[in-house]
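Chain naming follows the written order as A, B, C, D and E, and within any one chain the residues start at number 1.
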Amino acid sequence: MNDIIVKSITRLVIPFLQLYGIYIILHGHISPGGGFSGGALIGSSLILYTLVFGVDRAQKKFSHRVSEIAESGGILLYLFVGALGIALTGNFLSNKAAGFPLGELGSLLSGGIIPVLMIGIGIKVASTMITLFHVLIQEESQ
Amino acid sequence: MIVLNVMIVIFLIVAALAIERTKDLLSAVIIFSVYSLMMSVLWLILKTPDVALTEAAIGAGVTSILFIAVISRTQRYEK
Amino acid sequence: MNLVNDILAHVNFIGAMALFVIGLYMVVTHSNLIKRIMGINIMGTAIFYFFIAVGNVEDGAPPLLDPDGNALTFINPLPSVLILTGIVVVVSITVYSLSLVVRIYETYGTIDQKEMAQIEAEDDD
Amino acid sequence: MKKPFIMLMFIALFVVLVINIMRMPAGLGTDSLSYNDATEHYIQYSAEETGVTNIIAAILTDYRAFDTLGETIILFTSIVAVISVLRPDKKPENEGRVSHE
Amino acid sequence: MIEQLPIINLILLLTTALVIPLFKKQRFMVTLILSFVVLFIVWLSALYLLYHVNTTGAFYYRFGGYSPTIGLELLINPFSALFTFFVITLLMIIFIYSTADASDGIHEREYGRYYILMFILLFAMFGIIYTNDLFNTYVFMEILSITTCAIISIKRKKKNYAAAFRYVMLNEMGSLSYLFGVALLYMVTGYTNIELVFQGVQDVWVIYPTNIIIAAIFMIVGLGLKAAIFPLHIWLPDAHSAAPSSSSAILSAIVVKVYLIILVKVLFSVFGITIIEALHIPSLLMVIGAVGIVMGSFFAIAQHDIKRMLGYSSVAQIGYIVLGIGLASSLGLRIAFYHVFSHGIMKSVLFLSVGAVIYQRNLRKVTAYNGIGYMMPLSIGMFTLAALGMIGIPLTSGFISKFNLGIAALDGGQGIYIIILVVSGILNAIYYLPIIIAAFLRENPENQIYVSKDKVPLLMIMPILILGAFIVIIGVYPAIIFDLVDSAVSTFSF
């Protein structure tokens, strides 16, 4: 696509989309939304980038190695937080029982492990969405 | 609110039937996207904003794009 | 009149059932692979819709607590949680089946189940 | 010949499902069968036990966090599966053993 | 610390799957060694858990320490400990085989991915068996179905794509039917925990019987689709014959059984014996099982491809397990569980020895087995042993299954099913014996030409021999298995 209007609008819109996605992930525990929706939003912003600027440029920005690390990393973060629960004399994925600080109700830094897990899910979902799209649209000959 | 609810339900059923009938897969995907979007509106009416947000982003957005990507690589018309 | 009231009270459930049956019909009868995947998606959304209808409370509020402690009547939050998980599951299955469709088109030259069966029968001869 | 029959079967299924669901009580709100002590617990104690205001987030990543872990794994698996199906072969196809079937 | 063992197993399996992609491609040996170490640790802890629950009793693992009404829990009782041990033992032996035969149609670059899928598969099966929550079961079921399909489609052949697609569609229909059943149950009980749902269902059963009936039908049909119970088996022969040999063994011997295990849980732990008796589900299951035994064998006779034949034979053998479940007595369930073991071992031997033949000579036609008994004595010898087990010759585990199933049927007043067992033995003989006779008594000089590998590696022969030994061991001393199975059966109340 070589449309200057589309390109400039995309350039303009994508930061806002991503910012909104990050906002949704970070505020997942105090407002509607969370890791899934925020991650999907970030993923779709990257899909939009791919649609407008092509796969090659998108893959330079978000290479295969990065996505591999992000995919494993998202779950490993989740597992690590869960295992901390065991280490801190609780059960797997314990929150209050393992002694994580819950913070003040309704503030951004509250909920113990919940925001951390939300971030892990968000990373995972975003990277999954974009990788799946790249793999699906890439032609055999490349 | 109940009127809106009933209208959306009827719309959803009609959209689902339209997806079933349409031979052009691209149109079917677009109807499917609208269907997902209406579904998320309906879920918003039923006071589940989290699910509505996720469905709008994943169901209507990502799924439709993936469908279109695959249709562009395969056939557009159902026989 | 009673029946109409009954139907209106159950409209979400009936809608979910109708969508479920339409989705199932699509999966079972269509021979086009992409249509079948769409059928799976419609079935999925129908079940999620059913869950939400179960959890819905008339005049309830979305399950967001007020930090100041005002008590409200909330809807049942558990179905929403189950669905959030379910949506992502259905998407993953969809993507995987779509990738298979791409490969099937490359190897068979068609995405129609009946034509695939014909090609397979010819291959076996 | 075959199609109307199948359609009839599905209509019958639909009728059965609707008859069943019409027998169930609806619109009871907080009195319905599924609105039980677990729901009350989530609503009353989630702020105290998890420290978040979004009850859905509390259940999703605390009470039932293991479900969510399973679901991220599905995403991971789907990526592995899709790549294993679609990643292009760089080498030519006819290597390896030759089938004589 | 013992309470943490089940979750540590799950974490270990999962972490291994996640860490494998981070290795460089050349370091394939690292992946293999890591896999073996992890499998061995998990095997040891599964063994210890089995010992632990059989001596000190069952225990729950509660995530986050929440009560089961609001949270999730794992239930480790003799039943789940026994089957996790079964899964890990069999999978570990097959895994040894697959390290040597991973080349069966899998591209070199896919090896790493294949092992990732293996570990996720194992993780999902452990999760399904341990979990005590209906929705959690659904999540694990989806992981399992996507992994099994990926294991089929990883072999990049035309037929594999078609088989995998068919499988994924039917699997998904099965899962969604199951989820629909869960939704209907949730509507009337408000819980997803199995024990709480059980209590809720008993209360609601009087008020809304239709709802329970429909939920039961949807759940059983959904699981039946995934477990390939007779009229719903159409995907199985394609899927199992298309997969790489070691995966066919895993799919046929383990994965299908896991769905039957969920079916047992759903029937006896969720709905309970009174409700399913009232709905006549057990007698229906018995009829389905009997028809499956006969029809599966008939289809198997008609096959030309040996792996497809084994696939149809699995359909028939699943019929035995369904028949045992359908007896709905502790004797019937006991023999169903025993047959899970017995069939799992026999079918893995069959698939693995056929895999060895395919590896060395690339023979898949049933008619092409003339005279290879002398060229590959060990593989074909073990094939013969397992086939005799399938027919039900004494001293094999298959005989014990059939004998006890007959006794259980008589005990339940269903003596007519003994005829089915005899007929099935004859039908099994009709399709297995010709292969064995041809392999040892006929000569076919042509077969010499198609040797593509000189020798079958030791790593492939060893697992076959070990499993073959098991067939005889548990056939001669069935008490080893029966002791464990009895305590597993005692977790269900009749």
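One rule holds in what follows: contacts are C-beta pairs under 8 Å (C-beta built on N, C-alpha and C of every residue); 3 or more make two chains touch, one makes a residue touch a chain.
Values in this document were obtained by computation on a predicted structure and should not be read as measured data.
Two chain pairs, A-B and C-E, are compared here, and C-E has more C-beta pairs in contact (counted per touch definition above). When each chain is reduced to the mean of its CA atoms, the one lying nearest the mean of all protein CA atoms is D.
The distance from the centre of subunit B to the centre of subunit D, each centre being the mean of the chain's C-alpha atoms, comes to 17 Å.
Averaging Cα coordinates per chain places subunit C and subunit D 9 Å apart. With each centre defined as the average position of its C-alpha atoms, the distance from subunit D to subunit E rounds to 23 Å.
Those residues of subunit D in touch with two or more other chains are numbered 17, 24, 34-35, 38-39, 42, 47, 53-54, 56-57, 60, 62, 64-68, 70-71, 73-78, 81-83, 85-87.
In subunit E, 14, 18, 21, 63-64, 135, 139, 142, 146, 149-150, 153, 156, 161, 186-187 are the positions where the chain touches two or more neighbouring chains simultaneously.
Across the assembly, subunit C contributes 14, 18, 20, 24-25, 37, 54-55, 57, 60, 62, 64-65, 67, 78-80, 82, 84-85, 87-89, 92-93, 95-96, 98-103 as residues in contact with two or more other chains.
Within the complex formed with subunit E, the subunit C residues making contact are 20, 24, 27, 33, 36-37, 40, 43-44, 47, 50-51, 54, 78-79, 82, 85-86, 89, 92-93, 96-97, 100-101, 103-104, 107-108, 116, 120, 123. Contacts from subunit D toward subunit C in the complex involve residues 3, 6-7, 10-11, 13-14, 17-18, 21-22, 24, 26-27, 29-30, 32, 34-35, 38-39, 42-43, 46-47, 53-56, 59-60, 64, 67-68, 70-71, 74-75, 77-78, 81-82, 85-86.
Chain contact summary for the complex, subunit C toward subunit D: residues 6-7, 9-10, 13-14, 17-18, 20-21, 24-25, 28-29, 54-55, 57-60, 63-67, 73-74, 76-82, 84-85, 88-89, 92-93, 95-96, 99-100, 102-103. Looking at the complex, you find that subunit B touches subunit A at residues 49-50, 53-54, 56-58, 61-62, 65-66, 69-70, 72-73. Of all residues in subunit A, those touching subunit C in their complex are 31-32, 34, 36, 105-106, 125, 132, 135-136, 140.
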